[in-house]
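Take a look at the following structure, please.
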Amino acid sequence: MSRRLRLLGVSAIVAGVAGAAIPATASAVPVITMSGSTSVAPLASLLAKGYLKQYPGRVKFKLAQGGSDVGVADVAAGRVSIGNSSRDAKSSDPGGLVFNKIAKDAICIVTNPNNKLPNLSQSQIQAIFSGQVRNWSDIPGATATGSINLIVRTAASGTQDAFQKIFMGSSNVFSGASAKASNGLVQSTVKSDPNAIGYVSQDFVPGTHAVSYQGVGCTLATAKSGEYGGVRNFWMVTRGHPRPASPLQKFIHWAQVSSRAQKIVATHWVPLK
Amino acid sequence: MLDRLREPWSDRRAERTLGALACLVLIAIVLMIVFVAVRAWPSFHHNGLAWFSGRGDIDQQIGVQVNTGANPTRADYTIGAWPLIWGTILTTGFAVVIGVAFSVLTAIFIVEFAPGPLRRLIVPVVRLLAAVPSVIYGLIGILVLVPFVTNHLVGEGRKESVQYVINLSGTGLLVSVVILTVMITPIMIAIIVDALYAVPRGWKEGAVALGVNRWRAMWTVSVRAARPAIIAGAVLACARALGEAIMLSMVSGSKGFAPNPADGITFIFEPLRPLASTIVEDAESLNAPAVQATVYSFALLLLASSFFLSIAAWIAKQSMRKYGVR
Amino acid sequence: MAVAPHTEPLKPLRPPRKRRVNESVRTWRWSDRIALVLCWATGIALCLIAGAIVLYMGVKGLQFLKLDMIFSRPQASADQQGSGGFLDPILGTVLLTLIGIVLATPVAVATAIWIVEYGRPSWLARGVESGIEIVAGTPDIVIAIFGLALFQQGLFSPLSFTAEGGAVFGRSFLTAGAMMSLIALPMVFGATREGLQAVPMHLREASYGLGKTKIATIRRVLLPAVKPNISTGAALGMGRIAGDTAIVVVLLGATLRIDPEGSIPGTNVLRGTGGTLTSYVYNNSPAGEGNAEQKAYAAAFVLLLIVIALNFAVDLIARRGAKTGLESTRLGA
């Protein structure tokens, strides 16, 4: 066979394989893709694992992260099937989105372990975090002395959004407060600074002292029973309502009502029921 | 046809192929610059030159932009980036100045004064430091340096002196500059040592033969001859410092605050946030048009500054070209 | 009678003993003495800092590292403290570094050769050089967001996967590797260019004198001579890629395990998402949400070991190359 013909044959085979490759990605098993909040991601991966244990081989999951806003934008653009969000729906979100609540999470006010503050009321919290009260000696029950170091979250955080809505109401957080980019950074700062006060998701309390809010301690039990007031929602956002009997709808329905899912959520978060 | 590829190519074909590859690189880079500029335009268009000034609390401005989400109004594009620019200038400037001094001295030490075994030890050490990932520097920063500064260096009196304006904790200018200097120094050392070794031996031996001592011979002959390399190293280090985002977002304080030199020593403890760290922290909300314009305008400023850096280095090297050292 | 002067049989001459002429520092001026002290101080300080970093990471890492962590895959869980290891991030780091450097090196070497050996028209050469310097100075996060926006266009869908909504996901090993090659490019280019400029002209002229064409000279004479430089540049590039976090988090999906996409072995991993050690360390450090400092230390220790091993290997290559390459000194030769 002539050299040119051989070359044509080789390139035809390569093109054939490449052409077959791309349609072959439509796998037999439907794929549910998720992206979004880093706080919801551990819960989402546990739910995915539990779902596959109960119904093996039914779907495949792909879980990416990036933040609540990335999740919402991805699902609105059609890049993923589910967007995980730790903040509530905003009026500025793209239209046509449905927020499905899957769990709740408590936000705790924390101080350094050497500064065991027993209780704070909402007005006290507002006074502290807006900068009106600046010294620990003005707070009854505080064992620390000196100026109060405020630790808050940065602007794009879902936790900060929830804190503002639930605890601060209409007062604004003091603009000179130290802003941290994640729960872990707030936790490590509060752990090492005796004069610090901040707020974290309930999971990040170990190593710090959680302050009771309006007389109720911040624990998983009180959050589940509904006594603790500072609770925010975790959502799985979809584009429109999922079609009935589609794998997506079955998963979300399972996550919201099945007992196994509730048991998974109850390990570290507050289940819906 | 495969056999024809294996024959030695003619010079013209080789030149064209290599040139095409180089053009491909250039096209990719131009594409990136154009892309960033197009997306940054709305922010500059709305703010004009006031973009560079300090127009109030930048954190609040960005917060407003994040909250308006997909439908911003014209007024939401307002941004005054001066606190971030000043933070970037401070960290990069200090780190490069201290780093150049440190690197030149260490390079001279390696080339001239180090005894044999120590030299064989230091050279891999420099390579190692250059390769340590920035996440590890950030980890050591927030777990070791920041608590140390918080608990031992920032006293109560200092905190109270600036209490009404800003909260002092360990994260801030001092830790950022220290870690950034350690990060960029190995790169400069490697380049300067290579250049010092490449200086012809005869030059230095001539100086020593004239009775000059070893230090002076190095300084007046070798280091002078290696000046283009020092500039190249400084430019590379400056670019690396400008672009460092993850490590600085961990240790620099995450506040869009412009540290005030008039505060005296307290100034080095004040938190700040360089431009690249701001991009990292706001990359999450990139889909909101106002945030997108703001973030891409920061990116464009960083690109422009590295462009001006390379021009400045080229001008500096041009003036040294007449000494015959490349 | 004249007596010949009594001479002993000449002993064989010993070669003169090399004595270092230690000029006493006491003859130096004060400013020179201070400079000497400073040089020593900075040299020792550098060793101490490096030693402190390695020791600290070593102590903390060994404290938390268990051997099964390296070989077991990450488990999904509420926080990473109790569960699983980081085999997938290790594989992800290795794979991403390989892809990045394989894409970057040929292009960088070819560009360096073109600029040094040809370089016509000169405005184009200056433009390419400036462009590469600009890329060297770009923050990796800017390259990451550019890459995400670029690879989410429909044109690039074979590189990642297409969701059922019709939009391209844009995040995979290939896309992250492509952007990683962009950040490794300036390192390899710079090192190669320095090496080529250091090759003396007479080597090239000898080759032309023997009748070889320019491209043959490049292939047979210059490239082997700058191999140590290419290795140095590749080492710096690989170090930069292995240490990069921003591009991984944005362009690789930062999933805990390597998730292949599609059914062809080989390309399915390339098109899939995953994580690397850097994103794993970042997520588990206080700056992320994994809440597991011990895992972060252990993974950081492993990452440091990988980087040290990389450096060691490349150092060996460079040293072997320097013996067969040019006489001009290399760092460590």
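Order as written gives the chain letters A, B and C; numbering starts at 1 within each chain.
Rule of thumb we're sticking to: a residue touches a chain if its C-beta (ideal position, glycine included) is under 8 Å from a C-beta of that chain, and two chains touch if they have at least 3 such contacts.
Bear in mind the structure is a predicted one, so any value in this text is a computation, not a measurement.
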**OP:** Have a look at B-C versus A-C and report the one with more C-beta pairs in contact.
**Re:** B-C
Subject >> Reference subunit B; chain at largest CA-centroid distance >> reply: A
**OP:** Please report how many Å separate the Cα centroid of subunit A from that of subunit B, as a whole number.
**Re:** 33
Subject >> Centroid spacing, where centroids are CA-atom means, of subunit A and subunit C in whole angstrom >> reply: 36
Subject >> subunit B and subunit C, separation of their C-alpha mean positions in angstrom >> reply: 18
Subject >> Contacts with 2+ other chains: residues of subunit A >> reply: 66, 181, 185, 188
Subject >> Residue list for subunit C, restricted to those that touch at least two other chains >> reply: 250, 285-287
Original post:
So which stretches of subunit B touch two or more other chains?
Top reply: 142-143, 249-250, 286
Original post:
If you look only at subunit B, which of its residues touch subunit A in the complex?
Top reply: 1-3, 57, 59-60, 62-63, 66-71, 142-143, 146-147, 150-151, 156, 159-160, 163-167, 169-171, 249-250, 253-255, 257, 271, 281-282, 284-288
Subject >> subunit A-facing residues of subunit C, complex >> reply: 76-79, 152, 158, 161-171, 249-250, 253-256, 259, 261-264, 267, 271, 273, 283, 285-291
**OP:** Name, in rising order, each residue of subunit C that touches subunit B in their complex.
**Re:** 23, 27-28, 32, 35-36, 38-40, 42-43, 46-47, 49-50, 53-54, 56-57, 107, 110-111, 113-115, 118, 120, 124-125, 127-128, 130-146, 149-150, 182, 185, 190, 194, 197-198, 213-216, 218, 235-236, 239, 242-246, 250, 278, 281-282, 285-287, 293, 296-297, 300, 303-304, 307-308, 310-312, 315, 328-332
Subject >> For the subunit A and subunit B complex, residues of the former touching the latter >> reply: 3-4, 7, 66-70, 72-73, 90-94, 134, 146-147, 149-151, 154-156, 175-181, 185, 188-189, 192-193, 196
Original post:
Where on subunit A is subunit C touching in the complex?
Top reply: 21-22, 24-25, 27, 30-31, 33, 35, 38-39, 41-43, 45-46, 48-49, 62-66, 77-81, 181-185, 187-188, 203-204, 239, 267-268
